[in-house]
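In what comes next, subunit A is part of two complexes: it sits with subunit B in the first one and with subunit C in the second one.
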Partner chain A sequence: MERLFFYFIAIIILVFSVMAVNSRNMMRSIIYLLFVLLGVAGIYFLLEYNFLAAVELSVYAGGIIILYINSIMLIDKIGVPMEKPKGSRQLLAGLLSIFGLGVSLFAIYSYHFNQTATTTETTVKELGKHLLSYGNNGFILPFELISIFLLAALVGAIAIAKSTKTLK
Partner chain B sequence: MIEGVSIYEILTLTTTVFFIGVYGFVTRKNLMAMLISIELILNSAAINFVVVNKYLFPAKMDGDIFSIFIIAIAAGETALALAIIINLYRLIMSVKTKDLETMKH
Partner chain C sequence: MIILSNFSNIHQWLLGLIQNAVATRVVELTIIALAYLAAFALIGLLLVLAERRIAAFFQLRLGPNRVGPWGLFQTVADALKLVSKELTGTVKADKFLYGLAPYFVIITALVSMSIIPFSKEVQVFDINIGIFFFISVSSLGVIGIFLAGWSSNNKYSLIGGMRTGIQMVSYELSVGMVVVTMVILSGTLQLSQIVALQQHTWFIFQGHVSAIIAFMVMMIASTAETNRTPFDLVEAESELGAGFHTEYSGMNFAYFFLSEFMNMFLSASIIVVLFFGGWLSPFGITAGIPFMGLFWFILKVSVVIFIFMWFRWTFPRLRIDQILTLEWKYLLPINMVNIVLMAALVWLGLTF
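After this line comes the complex of A and B, so read on.
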């Protein structure tokens, strides 16, 4: 049953990610990306990382997609499709990607992973304690850094977007 | 772990999504579309962290926390990049890569 679910989600992710990089309409491209992100959240749910799935849904599918849609409304002429990339460039990029995919898959399949059969559920309580512990393997320093980083990104985004300098 | 699904299948999925993102990043000529490809790449990396954590070291949770950090950094990166793109559009009325020669003004 879970296997079937996984394959269903995998097909959704693959199909919509191909459509997201090939669609010539910007808005459609974003909506396809939204479906990819929902599929990724589904995989997190299947892996029993519920908190991570919730973060993925709220930050990515909720926040970032809305940010993209607002920016597209500010920037793009929605009805006008993007210009088609050159055939030679498409071919080159496709060959490059397939080559890289082949190398990576060869490396993955030739390595033997020691898979463990035990499953332990990760609770949010445990996660929070780990995130805020300053003992061994604690993550308090990156946690604080990320909060400063987010503040800096917020201030920087506002400062850049509202600057009224004009060219020349 | 997902019942009946080995780590190889999930890694195949994430690697494929990663290279679809690389393909989009190379072919697209619009800054916003390139950002979409970057989101695909970041997401596949985040799934990889989680999967390796869950299948190989289920007692630890470092991969989980790293994925949360990846999502946070991706949010900040997207906000900054979109701000730069909006500012650029006001300057040169275009978001195509071929029109971008002047960042320093």
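After this line comes the complex of A and C, so read on.
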């Protein structure tokens, strides 16, 4: 049953990734990308990793896609289909994708995965403790770095928004 | 994950009938899905009727009272009319996205409905990140509105869609922060546990000052989230026609209409779960009787929905700059201070 679900979601991800890249209509490729992200969230749900799935939904699908849609709406000639990239670029992109695929496959096949009999549900309490712990398996440094990064982004956004007003 | 504790005899009966664990599971899931779809449609129709009756009450009219007893079948008749209507569309619209948009809105509402604890027995998906799942799924609904506005190929629709986007993304922040405030008090995200923790005192009394501030912010933010007056400039008739769904007709329009009412119901449910003890009866007066939880839950939700409707027919519509000022200059700082206040209350043990 789970295998069936996995293949179903995997096919959705694959088909929509290809469609997202190949579509000549920007708005449509964004929507295909959204379906890819929803599929990834589905994979996380299948792994019973609910928290990451919800983060995927709210940050990527809910946040970044809306940001993309907003910025695309500001582009001129949005209704005109995009032109195909040049041959050399297509070749370069293809080579890069093959390289990326190779690296991922190598990483997956060279790592020895341990099979576990039971799935453990990660509770929010555990997540919180790990995020703020100094010891082993602690994530305090990345957590603080991201906090400072977000603060810097906020301050930067406010500074940019303010400066245009004073220039007038 | 699927709670069927009180329905175990139904489960046993089905298992005996089908004699196959997987097939039984599939049949059960199908039955639950159909039941939820039916409930979805029924709640939507009843809410539309309630809205019209309450509007009439506020405006000293009678409202729909001809079809069936007390006009009960008015919205059913309306729905039948909408089903039989022709689906029109603009010629130069992006047909794929145009057709997709209403489903986005209605499916997100349906998925969010699955985690609502209607009573101890009736909750489909008691996931351990419950309330976070609700927020992340309901944040997808706005994409449908964006798409509807953009793909209609209509200026008014586009402006309506953009306005919704700005408004919903802004007010989602407030809803999220209120939820964080209440999660500090509860210490869990799971909805069934949040309700269970309110066995003796509801959270609005447990967190007193901070919870009351959070409740008021939540009422404002939910009204804005569901695009209802005074925040309905998305579909301000005098400025934008019907906003993002100007170009939709028949059932496609009905999906938007229905999901708007469902979102109101879902917001009210979340408010009831977070502040008023969900399906728990006041002072535990009906604690022993099965299925009374459903009654109390629906009663509480109805009261909250009545307040939403009261807002709608009392306040005039805001301008877009006023809406953004309200969110970013007032609600956001209030919320930030409130989170710290709640954390201090919990830390010092000042909660009841």
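Here are a few things to note about the model shown:
As a working rule, the second predicted complex is superposed on the first by the 119 of 168 C-alpha atoms of A that agree within 3 Å, B and C clash if a C-alpha of one lies under 4 Å from a C-alpha of the other, contacts with A are read in each partner's own complex, and residues count from 1 in each chain.
Rule of thumb we're sticking to: a contact is a pair of C-beta atoms (placed from the backbone, for glycine too) under 8 Å apart; a residue touches a chain by one contact, two chains touch by 3 or more.
Predicted model, so just to flag it, every value in this text is computed and none were measured.
Of the two partner chains placed by superposition, subunit B and subunit C are both touched by A:63.
In the superposition on chain A, A:124 makes contact with subunit C only, not with subunit B. Ranked by how many residues of subunit A each touches, subunit B and subunit C are led by B. Contacts of A:28 after superposition: subunit C is touched, whereas subunit B is not reached. After overlaying the two complexes on the shared chain, residue contacts for A:55 are found with subunit B and with subunit C alike.
Common to the subunit B and subunit C interfaces on subunit A are residues 1, 51, 55, 63. Subunit A makes touch with subunit C in their complex at residues 1, 25, 27-28, 31, 34, 50-51, 54-55, 57-58, 61-63, 65-66, 69-70, 73, 121, 123-125.
Partner subunit B is touched in their complex by these residues of subunit A: 1-3, 6, 10, 13-14, 17-18, 20-22, 26, 29-30, 33, 36-37, 40, 43-44, 46-49, 51-52, 55-56, 59-60, 63-64, 67-68, 71-72, 74-76, 82-83, 85, 89-90, 92-94, 96-98, 100-101, 104-105, 108-109, 113-116, 118-120, 122, 126-127, 130-131, 137, 139, 142, 146, 149-150, 152-154, 156-158, 160-161, 163, 165-168.
Contacts from subunit C toward subunit A in the complex involve residues 22, 94, 96-97, 100, 127-129, 132-133, 135-137, 139-140, 142-143, 146-147, 150-151, 158, 162, 165, 169, 187-189. In the complex of the two chains, the subunit B residues touching subunit A come out as 1-13, 15-24, 26-30, 32-33, 35-37, 39-40, 43, 46-47, 50-51, 54-62, 64-65, 67-69, 71-80, 82-87, 89-92, 95, 102, 105.
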